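Structures incoming, each one as structure tokens.
Both of the next two complexes hold subunit A, though its partner changes from subunit B to subunit C.
Our next item is the complex of A and B:
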């Protein structure tokens, strides 16, 4: 199957170890981001998702300084930022933006310091570009297992959170009477979001992470209001964007005489185009369904 | 009492104080300025290999400092601090590489113009255009004699009294490069055409001079040098070179590294391909000519006895 595909695409595409690792790690990121992205958008946490990505750049740049895995760096800082967001008192939407903005500033400030130290005290070259915009083709093969384990853990967590999260979004009071702690559910969702953001930051870079977290899910939510369908659709869009992006970056080697374009550019462009396509689709759908209570649709799952 | 002839008490006090202050200020200024003006020319070799050559030509009449010399950092991404900028702006002689390697120096000098300052750019001496892809000119055998001659001329302008001294030192320097040239010629005669792999182009000029064939795709070398994403196709070619023993030596830049170059190094070691370490700046404990000679000797050792010289000591 794989060799057959290899013939169709380009003789060496799937033979290359760097391509295989990029497909696995980027694919894991796309799947996790699809599931968590849908909930993040429905909860109105898109900006928090973006901020977590930016903040996680501090972890990515610190990892080069400490000589640890970038995934561990991204995960650590995104996790800390997620907890800070929850405990900085995110009760009202307006407060949420303020707290998020403040955490974001602090995180990027740390990145500025760590990236400076990276270039002045260690012999890492191109760290800033790798942290901010991703370098999927430079993943070592040893990254495959930890990335897929992180993805699996995030997916298991979302499977557990699926019902309580939907219920606490639709009807927080009902959720409380059923013994669901909306605060805990919210915190766990943010932590899982942090894991998705870390995987996305690793793949397409800290600055572009939100494109992968919010983009495919945003397009999917426009096309279908049913969370289950939206998640599947977001997975399809995310995987298409990441895998086609990797393939196009690989092919661009032949277009530009060996000066291949970065993977992240292709991935983010495909995501943007799919989002644009989803806008007219939304109006087609709206004409068919007229809903009085949009949130009622989620409770049914 | 005629006040127009005899100053009042207050005015006299002021005059006397001013005179004292002027004397003190002059004394401080002369303490600070005089030794610098009399004795040593303040020179900067932006990269420490150029500083080393300035020191060899200028000897006791020159006070040399280098800016880029940390062997653990990549000079391509050097960031100048304000104190470095002041030092550069205040120097009488500056030698730099050019070709985008130290553009920040150009900016500092443009911001602090000084007609008496002597600036030597290796790129200009060699007449190389801005788009020359490989900036590591010090590995080119023809570079340093030209730089050294320009240094001797510039020093002679700054300190005409010792021009002969500088010229004698220039002759000594030129003579001291002969063992390196002889080693290159001997290597080329015996091992010309040897296939080698590299991480980035730092040592390419010397490898070309020794007749080695650089098998690593240029696009991969450029990607590693500039810190951009390497194409998977290029990575596959490089891995094949190392895995299938299509190269006899792996030339590894110690100062521009990332997980990818580390994986190449690991692969070379696993395939028992000898490794030769090369540098962006002069390693500690070396002079320019001893460093260059050591690199050719390391290549020779790698080919004849399969010995790696990953780090120059």
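Our next item is the complex of A and C:
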């Protein structure tokens, strides 16, 4: 107990370079995912967001084969998947489910092949674990700059898309008369989502990436119906989950007698618990502020 | 390729493909692709838990699939269905990564659980596969009509006294059984491809429920056989062949439909809704 306190009090873990990189990269992933996640949930694209994460694992595993940065691999394949989703008709409600499923199946198939080739042609072991479940403590410091740049680019894109995207979600016809192409706005949203998912895949692993995209945003959307408030809340939840998760994983080495638990486990568990907490909160809020027209908040911006 | 040690592989994968084709038909009709993707992955910790506890892997899988079905059903009632499916998936998967990190066979185990080990099936593995498959088939056949009605016309089903909640949990239960059966053989990620692609291709070619169902089973079995053969020759993982062939199958079915419609001015097939309506009404003239 005393040793734990000592660790908590003098924050020795902040001195480590790899912890700093993990906090920086994981934190930027959480912020970007929160902003994009709220729109993704409201558009009903949670499955597409999840699929982009799983498919991006093909990029992560290919990057080991090609010797390029994993972030580039995740970004490239997630981008291709976003375009294929749009091409197969993800915007039409009737087609959404199947289109997403087909892209997901093909992407996972590719990932299986690349992971197999990784183990047979290169000397790396444990690529499947790194790509699928992430390994935040092994990031090289050189990853900081590209990760921050990707995050900044995605945030700028979302700032530009904020109003047209909201308008085309609330009232597509009005958006069209105002000269907004719902098709382009949809595609740009998917591409930005792909960038966010790539960052999340790098941090918590490809198959767990959607936890950061849909978890905090899903909880935030339940608690507040205003998009701006929901985004701030999702950022807070996401950052808390990622940073607490990193700290707990670091400390778990001392808790469990020299056997650290994976970071992603802590991050995802915190996110899941925060979503469960948002369920009763939603009912409390509903009773206090009854709003007759829930979408009025969105129409007002 | 047809050596004695491959016989079990052929039998098990054929049974799995037939069951997946039939259940996939309902998955596509009900648009529950996300649930079909979430359940196998949520079952993933089962194998590791069984290894830690020293029990049969199948019991571990069954335990986690039950947990996943209950969680999914409860959370989907409380809010957005897709968010619930996604969160159940990632949470149980994260538990799986923790359990696997505690066992000593981490990396190879992860790969085979996710992408399957189709070339290593023994005679002892066949019994659970056959038993569960027959259970699922009996379940799906006896529920064929209410399941079809509830999937296509939820409101009509309620008026006939079919509870959406009961159908939903039975459907998820059947999906869970298929998952637990197929996962050790074809892997958590491959079950999904087998469920979605053949059924989606079949439903874009035919709008008659029974015809689409038969077509889905044929596609699924054909895909599985071809994938095993290709995997045997190239030594590449079977998941690669099933995933990419599924996407090819679906896009060619869509193109075929488009060309038939555009060049031969055949009317697009009526939707599954309309024809299943006819089927249901025709079967019960008195009530309709």
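Keep this in mind: the second predicted complex is superposed on the first by the 284 of 301 C-alpha atoms of A that agree within 3 Å, B and C clash if a C-alpha of one lies under 4 Å from a C-alpha of the other, contacts with A are read in each partner's own complex, and residues count from 1 in each chain.
The definition used in the following text is that a contact is a pair of C-beta atoms (placed from the backbone, for glycine too) under 8 Å apart; a residue touches a chain by one contact, two chains touch by 3 or more.
Keep in mind it's a predicted model, so treat the numbers as computed, not measured.
When the two complexes are overlaid on subunit A, subunit B and subunit C sit side by side with no clash.
Note on subunit A: of its two partners subunit C and subunit B, the one contacting more of its residues is C. Contact with subunit C, but none with subunit B, is seen for A:97 once the two complexes are overlaid on the shared chain.
Of the two partner chains placed around the shared chain by superposition, subunit C is the only one that A:44 touches, whereas subunit B remains out of contact. Of the two partner chains placed by superposition, subunit B and subunit C are both touched by A:262.
When both complexes are overlaid on chain A, the residue A:129 reaches subunit B and subunit C alike. Once the two complexes are overlaid on the shared chain, A:160 sits clear of subunit B and of subunit C alike. Of the two partner chains placed by the overlay, only subunit C lies in contact with A:107; subunit B stays clear of it. In the superposed pair of complexes, A:281 makes contact with neither subunit B nor subunit C.
Put simply, if you stand at the Cα centre of subunit A and look at the Cα centres of subunit B and subunit C, the angle between them is 70 degrees to the nearest 10.
Looking at the shared chain after the overlay, A:66 reaches neither subunit B nor subunit C. Residue contacts after overlaying the shared chain place A:210 against subunit C, while subunit B stays out of touching range. Our summary of the superposed model lists a minimum C-alpha distance of 6 Å between subunit B and subunit C. Touched by subunit B in one complex and by subunit C in the other are residues 116, 119, 125-127, 129, 259, 262 of subunit A.
Contact residues on subunit A toward subunit C in their complex (touch as defined above): 41, 44, 46-47, 49-50, 54, 96-98, 100-110, 112-113, 115-116, 119, 125-129, 132-133, 205, 207-208, 210-211, 214-215, 218, 222, 259, 261-262, 264-265, 267-269, 271-272, 275, 279, 282. Partner subunit B is touched in their complex by these residues of subunit A: 12, 15-19, 22, 116, 119-127, 129-130, 135-138, 140, 249-250, 253, 257-260, 262-263. Every residue of subunit B that touches subunit A in the complex is listed here, in rising order: 72-74, 76-79, 217-219, 224-236, 239, 254-260, 263.
Interface residues of subunit C facing subunit A in the complex, by the touch rule stated above, are 28, 31-34, 36-37, 41, 78-80, 82-83, 85-87, 89-91, 93-95, 97-98, 101-102, 106-107, 110-111, 114-115, 189-190, 192-193, 196-197, 200, 236-237, 239-244, 246-247, 250-251.
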